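Here's the structure we're looking at; comments come further down.
Chain naming follows the written order as A, B, C and D, and within any one chain the residues start at number 1.
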């Protein structure tokens, strides 16, 4: 089945309503029902000691990918909000784009849960982070 | 006992080495041995739908407070890196400054764990988020 | 204020309704409004390689302490259920009793969050584990 | 590639060294390099209010499946120990067997991370819980 919000509409929502998204340059690569891939194009401001991408860039990206994946299931419901996020950093991402692919693994009336993998473009083989997110949903 | 890195030295490290810190304007309010409070001065770019502070701003702040708390114990060791972060969002922070206070609850040879509470300035009574972080430590 | 369920009533609920509690011998040491301490009396069946207490014993104990702390706020509502639990093991507990002290840090209409420290009796100074739990609440 | 510890050897380790495993009756269904499925045969002692399987049974099972998956990569190294476990309960498991399938998503020199799905036998379509685990590894 198809996503219940188009990439264009989701991108417009993100840019209009979430300045953080605009600030970091996140954009949607792909959306399908229950799954979304979001990209953070490389930016020198993302670096931290050791020449790797800063953790909050990855956390924000995984959170945004989850938001996209959930809205792909429930439609344009901006007030879905994160209640829990757990991230394991698996290896140091080298400078370059990073993408997060979120998949909805539970969609209830009040809560949704996503499983998210974050990859660096320079090494697609193994993820740089794994994230789980929980969203609280308004009536939809 | 006193912190093993001064606020001035830690702030200098953050601004010099972590552009994300500069970008979001995080700054240290207080440091003592094993505990640190870091502030995100309010910025309209932090908002998200519903008029609350965006989650990644709080995650980044809690992570940075943990980094400060750990360096207050082990000194200027920039290569301490986050391996896990778990955040529970407890209530929606209204527009205004937010602060994160991190406390080291375990310091081993290889891993450190922090317990972090995030508060909004407009309601000091109850936290807006609770975070736990784990850092992997190089030999120190 | 006082707890909204007595230790006796909570212990009776646990023993009657949760065989796992009876199986592992958990019992309540103390309850006050929004905080509870639960004990796992030492049992050789709790050990794992290295002569320390097995992780699931601590996870179950922290979960049960959270249940007690939440019911101390909302009264006898058995259908409060865990939706998320995050545990960091801080050091290896030596053989002996362990206790978990849970504190409610958020109580909403639908979700409650607890902060839990687990201690071994043989070393009260530093915790053996730190846990956060989220419960989904039925109408109460 | 094949597992670096046989099901028989792993089961023997579990039963000999971890009384909790024997107590709850966990047993290995399948192991391959980097992945393991462990089963908790249904037992009335697992129930909690609402007639569902108690959370600690699932947490212990996911932890044990992770231990199996990691040892399938590094061989018989009993002193691998859990440092973090995060569980999201996705739906209430009805009475019946439950299985946990753990997959190693990062194997470093000091840390390993697993992604684990827990399923009930009565509804294989959707998971009852999702878990991530981190293990600290001795030199191996």
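A few notes on this one:
Everything that follows uses one rule, which is that a contact is a pair of C-beta atoms (placed from the backbone, for glycine too) under 8 Å apart; a residue touches a chain by one contact, two chains touch by 3 or more.
Keep in mind that this is a model prediction, so the values were computed, not measured.
Ranking A-C and C-D by contacting C-beta pairs places C-D first. Averaging C-alpha coordinates per chain and comparing to chain C, the farthest chain turns out to be A.
Centre to centre, using the average C-alpha position, chain B and chain C are separated by 28 Å. Centroids of chain A and chain C (each the mean of its C-alpha atoms) stand 33 Å apart. With centres taken as mean Cα positions, chain D sits 22 Å from chain C.
Residue positions 83-84, 86, 88, 134 of chain A each touch two or more of the other chains. Within the complex formed with chain B, the chain C residues making contact are 84, 86, 88, 90-91, 105-106, 108, 113, 115, 126-127, 130, 132, 134. Contact residues on chain B toward chain A in their complex (touch as defined above): 17-20, 22-23, 44-50, 54-57, 59-60, 63, 78-79, 81-89, 92.
Residue ranges on chain C touching chain A, taken from their complex, read 83-84, 86, 110-111, 134, 136.
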